[in-house]
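You will see two complexes here that share chain A, one where it goes with chain B and one where it goes with chain C.
And then the complex of A and B:
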């Protein structure tokens, strides 16, 4: 590929000024104090060739289709458990499994309307899925606005390079919301509020999709229908809620009683089929780090196809063979606590002292179901510009898959990189930055 | 997508207070520029009345402390930066209505204030872009706000703040009557949120024959009523 990005690199400071102008931030709580900070942007894009993307697109569609079928199955027939493909302990002991969702039929049978699939590219060019995020995956707004800005600042870059448009993400979202809404009323994006770490994204999506940004207290349920309350006590029917509030806070009358973020009785309206919830409640059972191990098996089970995308080589200490392997090789594996997210609860055996390794080994012996172990993948490093020097850093890719009546893979994604040369952790909450992701047209 | 046209109580509140605080930024800067000009080479009596009203609590000892304080002291609610921060706090909740382009003028203003504070810029002229961006903000809001009720709420806040500031700074009757007319223009667009009894009282007080801002009781009465006009 002949890529010309010099002008874009030279415009880095201007791009960052524009990011500031548009308030491209994320929030972080440190020691109980909320701070907003700019999300560091690196102007050198991640470039994915047309053929690589065709492969990824096919694999992502396949994976998310299987995950949606799994979710339907778990909350209805449970064939995959009965057939012994996924052990029931992994389903019913998962923190993400919600018994309250048993038998609910979400509009169109879709559970994971927006899936964020985290991938890495190995040095050998092989892509691996690291994680499926099916609850409230965030991050698509950043490459969207980055593209908007880089096109303004360096138009020539986009004349010289055939990059696939990525600003259609809001259209993918609004079409999917319309399909799920099915003409019942308005569509809203429910935010926990200004002090949520992804608040920028919530408000930006509302602007770009034409949905109403709703805050806790704006919505109420009457006769099993959801309404948005106006200043003069007038009300308008809500047909679809793209909620950015966690499952357990969505309905204080059914889940966490102290929640002020949710809508009392929304689950009644949802069960009655009077409102679509995006994503569906209870999806956490499918993006559990333990269930991840079984996703390739789900593809074969539900679709009768060979999985296109590979998982990182993963071991479940729950199985005796894996248990022995993990305890023997703990010092060279990466160990993940299945109940943690956001880059927390991830330890690299190589970084631990003898005593710490022993402590971890004992934790695994005590609660084998709580842990998974993976081989450390030698990621392909990406170039980033640090001050005026090109350096190489670890990076992943969060690809977004939107499912309504059809499943679409957004031709872009959030590339996150670690700013610490010795770290594999790319999460923004832990100081990482981001890049635009270019999918080439030819 | 079906567009929502109704406004929640919380959003109405944010729209109104965004209008008030953004107008406060503009008027405070305007008054500070007037005062600053007089302080360059004027006598104490030339600038003191306006300086005293801008620094009601008497926080700042020297003219330089006063200028820096009114621009950059965010612990004082009467300063430009404090008003801009509060305008931003409300605007950030309204991105979907006012749109990112409109919001960006406030982002730039706040960023500039922080930058100037870092450099301890003493010349008020450094705030000129804030004036320009404030006007651009209003132009952009008028252009882009598709929900007219939302625009009226912001404009109501803007005009009430303007009236409030003109009264506090003892402007003459003609200016104040004009400002009150503007307020009433927006009341006619959204009569449901106006307290009619308060409006009636104001109508009776804001007449040439009774106008006397030297009468402290009269002036405080007006200010109190103005701040009770909108039921939000």
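And then the complex of A and C:
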């Protein structure tokens, strides 16, 4: 591998300036105030070797295939519960479980059309899955546009390095949407609007895939079918909605009544098989932090295969053995609140005072089902540019897996890093930046 | 066996014409082992597109809407129902969800000691409610939670039902919220079904009694949010005024 670091370092400021001009932003709500931030791009890519990627690709396909089968099972036969692999309380008390989805047959039986699987690489070179995101995983647009701009700023970089092409993501999306649409009408991307944190991504995907960008109020249901009435006054039939609106806001007549983002009666049209929703409703039951523990078991159960990808070593206080272990070792574990998302409900035992540890211990004793605990993984640090110095920081990788008739892994991904040298949390809603992810041909 | 003539009527008046109105209705009696719908009619004005369906809890729904500007929406659901002793045989429902507290049905304190058997516990809870909670119209809203009712010690049928459900679930008894009609004239009523291991039994905490007859069921759910008789959404600046009238008469 012959990577010219200096050229890339020189390109950093230019690429960031271009991104600013293109409005590549990330919205953050803090204390109720909406602020748009630039998502700082670090020009040194994460590099993944051909053989590592081959392993990841195989493992990701396997994992997402099993998760899709699990979702079908939960909303139909419930074999995995009846066979005692997953306890029923983990399924039915999960916030993501939607009884309204019982018996619904999504087009092609696919639930997680777009999966964002968060991975980290340990110091020993072993990859671990930290989290599955099967509802509305965001972030693919950032490495897409960063690569696009870097290509313009420093074209020789990609002639000198055998980096796997990643411009096919929009094609993966549009092919999947066409397959799910099945000729029923147009495909749209439903955005909550410009105050959504990922609005840039919604508009960018619409531009790249040729789907219509629809805003709340543009879509309505008539005779059990969905129509678009945006800029044209006539009705246009909609066959597929890539919705960037959460489950509970999708249908105000069934879920959150105050929702102004949703489409009244869309769930009935969906149930009748008249529209595809991407991703399916009710996926939260499979990416719940409590269910995560069971994903390797799903691979064995549904596919009869050994799981290729590993979870971070995880304990469920729900099980007596794990309960004892967690209470004993709480000071060196990561404790996650199953009922929260966004990285705010994650606590490191080592950061807590004696009193705080005791408090947490009592919370776990009180509601064991609400918590999971994980060993702290010693991540492999990645080099980033801090001003003009190279420093090492924690980073993760969100890989994107697209499932239509077939399942494809995008040969790229979003590498996020934390700015704070002491922080393990790389969630973009807590600051930090991103890198391009290079999958090498050789 | 008893026969009843029911008539449910709703008129929604908008202060100005609305360009779009979508609805989801649960205004038709349920059919089950102890309730048979002999005849039913539905009158809707203006002409909405409407489809019949079934929700996640097995309730009958009617959903639809209109995209033509209009100033009001009126419908009448009427018919004849026969009922047997209120005891609905278990039909394979997921009991887990009727054992979990919801936002509207969560309370901390167990409040009273109850017998171990379901029937005894449900009766004791009913009695406790009538001794401790005052029925007072218009003192709560559709969003009032069981713990708020407990604090204020007053409420309407929905609040009695939520509090009873909370107390049952606390004891591990599956309990669900029911919407329907009671004999007489007025609005819709709410009561509770508890599961005794074989069947769902009806209890009316507002009147502190186990239900035998005189009740016609529309729908059930984990709490009121799952089974509102009527839910709607319209666009525009208009305000709406809704008038509901129910009669249930033995024939």
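The rule we apply is simple: the second predicted complex is superposed on the first by the 436 of 442 C-alpha atoms of A that agree within 3 Å, B and C clash if a C-alpha of one lies under 4 Å from a C-alpha of the other, contacts with A are read in each partner's own complex, and residues count from 1 in each chain.
The rule is simple: contacts are C-beta pairs under 8 Å (C-beta built on N, C-alpha and C of every residue); 3 or more make two chains touch, one makes a residue touch a chain.
What you see is a predicted model; the values in this text were computed from it and never measured.
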- Message: By the touch definition at the top of the document, which applies to A:29: first (chain B), second (chain C), both, or neither?
- Response: neither
| task | Look at A:195 in the shared chain and tell me whether it touches chain B only, chain C only, both, or neither; answer first, second, both or neither. | result | neither
If you stack the two complexes on chain A, which partner ends up touching A:207: first (chain B), second (chain C), both, or neither? first
By the touch definition at the top of the document, which applies to A:236: first (chain B), second (chain C), both, or neither? first
Quick check for you: in the superposed arrangement, does A:21 touch first (chain B), second (chain C), both or neither?
first
Quick check for you: in the superposed arrangement, does A:257 touch first (chain B), second (chain C), both or neither?
second
The answer to whether chain B or chain C touches more of chain A is B
**Prompt:** Touching A:223, do we find chain B (first), chain C (second), both, or neither?
**Reply:** second
- Query: Taking the superposition as given, does A:187 touch the first partner, chain B, the second, chain C, both, or neither?
  - Reply: first
Intersected contact list for chain A, partners chain B and chain C 217
Per the touch rule above, chain A residues touching chain B in the complex are 20-23, 174, 177-178, 181, 185-188, 194, 199, 203-204, 206-207, 209-215, 217-218, 228-232, 234-236
Seen from chain B, its contact residues with chain A in the complex are 1-12, 92-93, 95-96, 99-100, 103-104, 107-108, 111, 192-193, 232
Contacts from chain A onto chain C in the complex sit at residues 88-89, 92-93, 98-102, 217, 220-224, 252-254, 257, 264-265, 268, 271
Residue set of chain C touching chain A in the complex reads 20, 22-24, 49, 51, 53, 55-57, 63-65, 67, 94, 96-97, 100, 225, 231-233, 235
